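In order of appearance the chains are A, B, C, D, E and F, and numbering begins at 1 in each one.
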Amino acid sequence: MTGAGMITIVDIALLTMLCFTAIAIMVLRHLFAVAALTGAFSLLSAGLLVALDAVDVAFTEAAVGAGISTVLMLGTLALTQRREHRPPRFSLTALLVVIATGGALIYATSDMPAYGDPNAPALKHVVPFYIEGSQNDIGVPNIVTSILASYRGYDTLGEVAVIFTAGIGVMFLLGLRREDEDDEGATRRGPGRPPDAPKPGGTKS
Amino acid sequence: MNHHLVLRVVSKLLIPFILLFALYVQFHGDYGPGGGFQAGVLFASAFILYALIYGVDNAREVLPPKALRFLVPVGLIIYALTGFASIVMGGNYLDYDVLAHDPQHGQHLGILVIEFGVGTTVAAVMVTIFYAYAGRTRDVDDEDW
Amino acid sequence: MSTEMALALTLLIPSLGGIAIACAGRYPNLREAITLITASVLFAVVISLLQEVSGGREPTLALIEVVPGLPLMLKVEPLGMLFGCVASGLWIVNSLYSFGYMRGTNETNQTRFYICFAIAIASSMGIAFAGNMFTLFIFYEILTISTYPLVAHKQNAEARSGARLYLGLLIGTSIGFQLVAIIWTWVAAGTLDFTIGGILRDKIDPTMLPILLALYMFGIGKAALMPFHRWLPAAMVAPTPVSALLHAVAVVKAGVFTVLKVVIYIFGIELLSETGASGWLIWVASFTLLAASLVAISKDNLKARLAYSTISQLSYIILGAALASSLGVLGGALHIATHALGKITLFMCAGAIYVATHKTKISDMQGLGRLMPFTFAAFCIAALSIIGLPPFAGSWSKWYLALAAADAGRVLVIAVLMISSLLNVAYLMPLVARGFFRPAPPRQPVGAAVTPGARFGLAEAPLLCVIPPCLTALGCLVLFFYADEVVDLLRPIVG
Amino acid sequence: MSLLSEHIPVLQVAVPLLSAPLCSLLRGVRLPWLLALAVSWFAFAISILLLIQVMDSGDISYHMGNWAPPFGIEYRVDVINAFVLLIISGISAVALPYARLSVAHEVDPRRHGQFYTAYLLCLTGLLGVTITGDAFNIFVFLEISSLSAYVLIAAGARQDRRALTAAYNYLVLGTVGATFFVIGVGLLYMVTGTLNIADLAERIRPLADNRAVQAGFAFIIIGMGLKLAMFPMHTWLPNAYTYAPSTVTVFLASTATKVSVYVVLRFLFTVFGPAYGFVGLTFEYIFLPLAILAMFIGSTAAIYQTNLKRLFAYSSVAQLGYIVLGIALGNIAGLTATVLHLFNHALMKGALFMALGCVALRIGAVSINGVRGLGREMPWTFAAIAGAGLSLIGVPSTVGFISKWYLILGALENSWWPVALLIVASSLLAVIYVWKIIEAAYFGVAPEGRGPVAEAPLEMLAPLWLMVVANFYFGIDADLTTSVAGKVAATFLGSGS
Amino acid sequence: MLDAIIAHYNYWLVIFLMMIGLYIVISRGNLVKKIVGLNIFQTSVFLLYITLGKVNGGTAPILTDKPETFSNPLPHVLILTAIVVGVATTALGFALVVRIRESYGSIEEDDILATERAEDEIAVNEALS
Amino acid sequence: MFIGATAALLVAMALTLIRAFAGPTLFDRVLAANSFGTKTVLLIGVLGFLTDRPEFLDIALLYALVNFIGTIAVLKFFRYRNLGLSNTEAADREEID
């Protein structure tokens, strides 16, 4: 068996595992287990990304998905609860939406270029310019970096702005220092708050 | 975690290497996988590890929130200003060619600078988010737990 | 003063007057002086325009083009001139009356009352002198909105629900039907300018004409064509000066005036008579005419009775338009003036009775004629004019309408006119009869503070409430003799 | 200056983008506001310059990093997005003078720096989405604006905790929408190999029968439909607008959905064009019924609301119905109405929400019960509500009328009689909910226990009245707006096929 | 048929994954779970993009000395950006969840809706009284 | 050789994944997730050789790190229900428990 054939097998195996993990995440009610599985999900997809030659993406997905997201989710669980209270319900609307969306995508696949097709239009139009230019214009071997930082550097500027927004947003919502929290602490409310208490309002902000 | 001696020692050993690895990813991004974003996350993870082992309060002394408040915007400012710099030097926005005499040099320089900006902001934001979560007191009843 | 300037002034004067009234709100005397001055100046300006028009000119003032091909434009033509004169002239009289009434009944929010009144007059002027259907529509809506606070003036539950009905029906019909008709017209004809002979000839499928006409007729809710007449009785919760000027003159006349404008300048009389598109309207108008009269007879509340009488009288004008002949249109136009004079008198009398005795029901009014002879005399004259007896002005318009019906060979319409005149007698004269020929009930304490005629054993309302109706009643008489002048003025509109 | 003049397109976005991090460094209450104000006015000036330049000398193309499209990211300004840019920055320029007091009242003073940072980011995102000529860049800037919008909405939690759930729901649906958009762009990229919108339009032409293209179209429209709260995907909107701080509601209600509409227009007409069979079908069988349902269900729901902000939020759903209806008509008049209504609706909703912000400043909550009898105590505020309300109804001489005029023209042009009648019928629903407020304010009796209420401060009234006056000015002299909108419509319909 | 499967199995599996994510988002009432679903949904979109960039026999798009076929680097770049956007959304979403939990005492949609509805009723009753 | 290693790794991954799904206790899941991470690190390493681009070991390194930190976070969270406790606080918590 060739390396390429093996890659295909890895590909299928990882995808299958991804699907099962996703189903498990859907079914499990223990949010802690969900967090652990989400981490596994990210690692799996990162592995798949390597198999698909997207090393940079795999790098990021591992760092973000398995690392940051997991920590974020654990942090959230620590501040909220670790079990889903309601048993999973079957939702017809959700099913219909999903079937419609999936149907549209499957419909689209029939006219998509085949998987791995070296003659796909996406490869023929803009990309050759990048591959060539990365060597000549920019002189950076990692084509992804040269596109990211130069050809589409503006997207990356936007990306940093997005991260910045998230940072500002979390600071805004949760506060950064203990002191912030301390004077908010006075208004904190437990879960036993009667629903008809007068003025609503998470007075914190 | 006073009695988790192994953990404390291992992480103390590990953290410098993580930082080093982060720097490697930051500056090796041109040649291999990686770049500012990934490096930023790695940087942050070093601090997060520190906070996990030694507590957030200690981490706050190492990297105070005030510094974070400053670092979060600074990365973005660096990036955006690079764009304006290339305008001032006579190019279009984010045109690194004009940053140095030789276009290829300029590209290198530009990529280096903006990747640095990306790394700064990403690292700072990640630590910020961690602080924000970890610094909040738990408000959960035991029956929920 | 150029005529264009004068034209702009007809809008500006009452608007500025409204602002001045708002500023002077704290000083009632100053406020009312401003009202009166504004009204007089406005009337003077309108009269100056009248001379232009009777000289055969048509001053025009294009203001601004809202969207391409859709300008805001003012233009004076005879019909509008007539309406303008009536509205602005009667404003003076009505202002005087308002002072007496509002003070006599100690109403609240008087400043708001006068401001809205001024705005309403300004928009009436806008309607009168609108140069195209679009401009007219804008002022039509402003009139509706500016009179809403007047109707809701008392702010109690009854006033609010009345005002809600008022606004709902007027805005509803205007947006729901009239606007559609206007846009349809614009799409078909490419213009909305008022043009003698109409703008729709060959522009629209003749079978569609009745539908378009129906959209217009029912869309002009102010003309109170059944089944969209309910707002008029509902609006009677307003103070009487409002009922008098607005719901006898400005608002309802704006409605029928618009009807005439549409028939004459949008469709064109000839087009209508050729295609017979207005045939259905004759019957709807006739129905409204009779039905409203019958309802009026059943009402014991004087203002409600007058309101239904107004509905009925408005249908005369619509009928005139529906006949689609020059005589019919002339009769209708003339009726705008004659009915205005008559009905405002009746309302002012009703108000005077209310101020003096706080009575609203006809059945309670026996014997009042002897206590309030001037009021009742004026009422009697106006009633006769409305009924259509010479030598009062109302007889002319009915005469023209009957002629037009005869011309068109519509015997049934003549019959309707006859019957309705009888019904007029039936609902208007009982009050006169009651007032003069029934014995008065034992003397009761009277509501009004000052009764100038008390020395003579009279119990009239304050002077300011009595003189205006007498003046307009006199007007009914005078107009009978000068009707020719009015007809001459109007002649150009029928070509 | 000549150095900068050729860089005007990028300054439009890059300056607010740079100012956002600067703003977060500022301390205190006043400085962040001043910076945001200065930047907004600067952006407004730039957008005026852009519009003039575009009207005079045609489209402008700016190449980021000096990489020619389709390789690099291109900023492409034509009449259409210049107009939308003008709306966004104009609203922002008017909203910020108003914001200071309102925000001081409603947002934690320690968070003002972050608040205005988020505001600037939102502005940046919206401007960026509008001006860019690159499909993926749209997504990036869309997310900047959305993420900051979530934060801004959640800032209302100090007043009412429901702001949090509103922001959360918006976040979930908004992210699903953005992801759908990404899927759509991905499908298009897959078969064309380009992300540049102009290039995309070019290369998609021979691919009209390609199923991936059709699916991509559907995903982009649905994704953006979620963002623009097209019925029935509007569920996030009412609560988000209701519980956000007043200034945020003013800004978002007048701009955020408009930008999504712009993106839909851009894809519908520039990239696809009604000549494609499947696109034309969507107009009649999907947009038309949805728009009409939105008009009626939105308005009907508005009638039953007791919270005035929510009332007008539902009215926004209905108004978006008008905007979509204009697209569905598919002719010049209808499209003119859509583009006009982007502007006009921003004017009227901006004014209305500003007025509600004034009320909130004085009495705290904006329930129909609370404003009873306030008309006399806050005459200017409620006169403004009345004026803008008339515009919402579509009374002639207001901007609302102009939009409806063109909408009905468009319907008649297609001989869609029932549609024309439905448009006017739905305006009548607007009469009901607007009048409910006016009646309560002017003829209602003040609830017990409410002391005397002062009129809102001049600093807030001035911008409010500027908007109200604009409602009437552009309703009477609509020449400027209609000519731009007409030009836009002509470009779209001319170039699309 | 087999050709079609080989040409598209990767897409199909990814689409299946995507739909699971979407289903979780819509059907689950737990706020944390919804965000997790959103994550799965987004991740699978990333996979879709990367899948379309894959070239048979290609290799990672990093230039080496020898000439090679590269997989399409552009989707990689786009997805890098998208991942960052995704994590930003997640962070913000979780922050909101924490705040909601603090205000409402629950992160179950049903409980929160019930609480809000009760409050709304009070408001409506006030308005009517 | 690499092919065989890959296959073995895949099987091992599937097995750990099953453990993670099945539970039954939380420790099982955490342990499974952790060892799953380890296997992914190995898989990446092997894949690098399989595709003749061994320089991607960088990624494997990162995975290992992330896995380490993630596991510590999970465990700390599990033990103290809080990610940010400092030493003294943690000690207090332990006494209470």
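By our rule, a residue touches a chain if its C-beta (ideal position, glycine included) is under 8 Å from a C-beta of that chain, and two chains touch if they have at least 3 such contacts.
These figures come from a predicted structure and were not determined experimentally.
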Q. Could you give the fewest steps needed to travel from chain A to chain B through chains in contact?
A. 1
Q. Stepping chain to touching chain, what's the minimum from chain D to chain F?
A. 2
(Q) So, comparing each chain's Cα centre against the centre of all protein Cα atoms, which one is closest? (A) D
Q: Give the chain pair, either B-E or D-E, that is connected by more C-beta contacts.
A: D-E
Q: Would you identify the chain whose Cα-based centre sits farthest away from the centre of chain A?
A: C
**Q.** Greatest separation from chain E - chain, by CA centre
**A.** C
**Q.** Euclidean distance of C-alpha centroids - chain A vs chain E, Å
**A.** 6
Q: Report the inter-chain centroid distance for chain A and chain F in whole angstrom, where each centroid is the mean of the CA atoms.
A: 18
Q) When the C-alpha atoms of chain B and chain F are each averaged to a single point, how far apart are the two points in Å? A) 23
Q: Among the residues of chain E, pick out those that touch two or more other chains and give their numbers.
A: 22, 52, 59-60, 62, 74-75, 78, 80-81, 84-85, 88-89, 91-92, 94-104, 119
Q | Where chain D touches two or more other chains, by residue | A | 17, 20-21, 24, 64-65, 136, 140, 143, 147, 150-151, 154, 157, 161-162, 164, 183, 189-190, 195
Q: Can you tell me which residues of chain F touch two or more of the remaining chains?
A: 51-53, 56, 58-59, 62, 66, 69, 73, 81-83
Q.
Can you work out from the touch definition every pair of chains that touches here?
A. A-B, A-D, A-E, A-F, B-D, B-E, B-F, C-D, D-E, E-F
Q: Write out the stretch or stretches of chain B touching chain E in their complex.
A: 31-33, 37, 122, 129, 132-133, 136, 139-140
Q. Where on chain A is chain D touching in the complex?
A. 104-105, 107-113, 120-127, 129-130, 133, 150-155, 157-159, 161-162, 164-166, 168-169, 171-173, 180, 200-205
Q) Can you list the residues on chain B that touch chain D in the complex? A) 69-70, 72-74, 76-77, 80-81, 83-84, 86-87, 91-97
Q.
Could you list, by residue number, the parts of chain D that touch chain B in their complex?
A. 3-4, 7, 10, 14, 17-18, 20-22, 24-25, 62-66
Q: Name, in rising order, each residue of chain D that touches chain A in their complex.
A: 17, 20-21, 24, 64-65, 67, 70-73, 107-108, 110-111, 114-115, 117-118, 121, 124-125, 128, 134, 136-137, 140-141, 143-144, 147-148, 150-151, 154-155, 157-164, 183, 187, 189-195, 203, 210-216, 218-219
